[in-house]
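The data blocks that follow each hold one structure.
Shared between the two complexes below is subunit A, which pairs with subunit B and subunit C, respectively.
Right after this comes the complex of A and B.
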């Protein structure tokens, strides 16, 4: 029985991937015809550089959504982390080795706190993370309202470094996704996220440490937000208390487009990576076609509805 | 068939616990008002109170609608975007005389109803989760609105629109009268009518509702339409208050309306809640915000306090039910 379920799950997933990959190919071909600057090495280099931050945040969101939760605090957390990193480095540029781990530890701790609150207070994650987001945002603004701080040269260089013409940050991103994918699919703790997301009560009855798994998933989301903040600070050179605001909702689109179901238990990080690629590439192409960013919003909304409708219909059949 | 009572907790005995359970929010609000009056001499001044209520009215209208949607296990993130879009729609008539105001109202309500219909259809018929359906609607409306205005603020409005914010009938602010009317009409529908009972039934157990001959899809779509229409009306009143249409009129109202409803004891899991309690939630939220300002704290402090209160209130109701 479980073999059948696993098989069904695999097929369903691969079908989602096929749809997204087909859309990606369609987009590349259409882009090649519509704009002569789209299919260039240079543009793809830029594109990969752009998608790193969104990719990182979406990866964290994927863990939480797989669990059946949602993390609306990621945007504020990214903003707060950039402020922390940039101001710390302005104070002591030589302590780069200390600043970055500290930022990651702080972000992970706040993420874990989100998970812990949903468990201890038994409050819907939407409410917990919304409240936390408000608290983090308010705290960051009280510290500093304007973008500020600076980063040492080395960190800025890292964000523009290239290896064989490919941005190093993009290589790091793909490596992290690969690790995350392997962990989710192959390891006991990774699989347990699917179990808890699929049926929390059954997972509990099977003796899984549900609370610990929930806290772990939210902590990972926090960690990813911290990593995204490092990439972001390296590129912009400042800490901006508002820079992450839009990321909260943006991070959900690639996850659901990639076939991860909001109810939890189904999906994966490969879908999210493809989703990030699709969203970023589409916006990139629309920019080349001089479509105003206003209508790009409309298109993004339609993509969410269409993607989710397709996945929802398939589930019913 | 046994008469179906609305599943509100009704306490019979008179103990401190039961009083607090039923009137906890009122007790909290009264305590808050006393604290506010003690800490800040300006708080109880009529000018400040009217100011507080004027700010509260459009939010209250949105909360009336949001309550309907949350009762059927949903939530509507598109309300704020809809408010701003309705405000832009109001300027689209380029009206300079007050004759246009009825037309503006009809157009705004019709537009909002269509938005609610689409939201409800996506949730009920297409199985899209309420979060994503209304999130997408929020982004789409935002795009259409900015596409139309080009991002620039507009202020071509009939002069009478300001009346919606500052006007009074028999000394009572118009926006409060409208809020009261909306609350009474929709409160009657929700708590005294057959349709209202069906909403509670669908919210607490859709399958049982279906087996009892209720069509959950129709009830759900109705709730989304009510929510959007309330938000549309709230948008017009907020527009009267701010006077100029920036493209972000009402920003933050989607979250504030959910926060207020949750503080008022409307359960996000559906099937439990009361419109008037939700409006008390609005009062608590607005008084807290006002108090933070009067006490001279930085405005960012509002965000922190709001965050703590939303989590705390949700936790309070959760443990009480358990």
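Right after this comes the complex of A and C.
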């Protein structure tokens, strides 16, 4: 946690954080007025539960965006991983200890492959990951068209476990974010992401192992997608080849709302965490108000455009 | 009294922690060349941005051609006849020379479409008016920096100009190009254009300017006709103290010991044809030559930024084959590139990160970067090089040009334990800091570091080098001892061998 606080103090974007926090407070207050079930422990428990998957994927996306790239394969990768996990566990529920690491390794490898392809082929990451996304999606559907598989009780229980009323998965998520913040700010490899994202040629001339860093960032995004898939499978109990589709674009919203610049080199994970909170809370409130999901899409679109333009004007000043 | 083209009065500008302009009065008459002098960070570029509408002042007023104005955008100022050539080039690297020159005034044909042929014809006309030979079809990022600067200057000749503002245009050009620029400035002056001129080379001020305004810490420290001030008085007003000795004493005995760097018959691309040179530990070796003679490319090959086509490079007696910057840095090399903005600095990151970039390992304790250690090193380098910045957390992109250069120096002087390659090290640096940089370069040499310095400023090459290699058209035209070198001898080598080769080519043509 101290790492997150340190980042807050040091990061030049702290003003943008203030804006997001103000929006969050506004939302909580408005929510309290509009619905009497919104400001309850129960609802916050649910909310934290909902936030885990988006949080994980957005974290991975943050690394890649900081690097100046983008990962459009995360959604398909999450879907594919849930399918893998659920079917593997249906086959051998006793091999949980093997299934989860295997899923993570596979997801990380596919992420690394994305990074490697952007370097070797010198193709824009938008294209590489878009292509990869399509390949994974198609591949998964070839194997399995409908949701299926199952998970053992233990894993399902874990996804609903609570500590002092807070879902354990949410605690794990925050811990992972804190670690990621520490890593980005205080480790050589983490800091290097900012260098490569800030200016790739300059990074090369400063002797940084640019290719290695690029591959690492995409690999981490893959790893995060794998972790998100574990949470998701645990909660839904099935592997669904379409479940992650919307996540690709959804994962970008919290990143840019949190002030990370699409061009790379500026931003951080604290902003993303706040962004995830904002998006999730908004959707949660809209659900309470029985706003149709069509409007929710529209509102999310508005948020992303407004947030980015606020950050941009702040920077121009 | 002639009415001024532009008159600024009590202009103020403030950023968090700095006040680059503090009640500045400044006026330019028509038909005058007005020099703006001051240390790095004195506020020159900021004042220029105010005149050109790039930023809005926090206070004060401005009259232009007798009317009060307050620009809302650069475009508005441009339309009113103010053309600014900013310190950092504003060209589109992927577009052609012609497209860049006519960026605001693309010629159209009868259908209202942009006409490629008319564009190239018009661009070529402007370039020939300027007196330079650059292909209008060339892409900007294929051109040497000096040519890019000339393209930037050509842009100023396109429309009608009443006030021309040049922010350190000669930082990246030299010799012949400077003469061309000055000829054109004099012509515009005769046509009644008011010109603002910024440069850290004082000789140029005496050559071209009529009047001068000196800024110090955002305030006007003096102004008047150029003839009223001596060089020393100008320096004293700028720096706030007298400068006694510019160049530190050269080494007494010639450097001995084995070469730290030995380059033999190097070939790379079409600019490096046959280069052999060497550097011994503790020695400052200068590379002189005209822009485009292949000096920068030689440095890039040594550092591993550019591939070589032939020849050998030996470092400490061993062949140096793992050709990448990473390996060079690991071996104790440093390379301060000539183009700080595109090749070296992370403009969006703070000073501390920029200083430490090649040496993160040096501040890592038990796997974590030691923030305090990092900050201390950055502070030390800020002090060593007198960087004008309130703290090491300031983004490098917010520093003045000269101060960015000092940050680069702070970075590489720490890292280069064995050999430091400097490409135009004092570009855009003020006179006080130059003296400081020369002292530090000499100090490094005394500690045993070999220095390879490329520079277009001959006084600097002569004043600092122990040995000088003169390059011409991709060849080493000769080697001169630093202590006895003269500008004439260097120019002679740089030019004469060109003539010889050209006349040889001419003879061959005649035979054919």
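Throughout what follows, the second predicted complex is superposed on the first by the 305 of 317 C-alpha atoms of A that agree within 3 Å, B and C clash if a C-alpha of one lies under 4 Å from a C-alpha of the other, contacts with A are read in each partner's own complex, and residues count from 1 in each chain.
Here is the rule we go by: contacts are C-beta pairs under 8 Å (C-beta built on N, C-alpha and C of every residue); 3 or more make two chains touch, one makes a residue touch a chain.
Just so you know, these numbers come straight off a predicted model, no measurement behind them.
In the superposition on chain A, contact is made by A:201 with subunit C only, not with subunit B.
When the two complexes are overlaid on their common chain A, residue A:301 makes contact with subunit B while staying clear of subunit C.
Of the two partners subunit B and subunit C, more residues of subunit A are touched by B.
Every residue of subunit A that touches subunit B in the complex is listed here, in rising order: 70, 117, 121-124, 126-128, 130-139, 141-142, 145, 249, 252, 256, 262-263, 292, 294-302, 304-305, 308-309, 312-313, 315-316. Partner subunit A is touched in their complex by these residues of subunit B: 75, 122, 126-129, 131-133, 135-140, 142-147, 151, 255, 258-259, 262, 268-269, 298, 300-311, 314-315, 318-319, 322.
Listed in rising order, the residues of subunit A touching subunit C in the complex are 10, 12, 182, 185-188, 191-192, 194-195, 198-199, 201-209, 265-266.
The touching residues of subunit C, when paired with subunit A in their complex, are 303, 305, 324-326, 328-330, 335, 337, 342-350, 353, 357-358, 360-361, 364, 367-369, 371, 393, 395.
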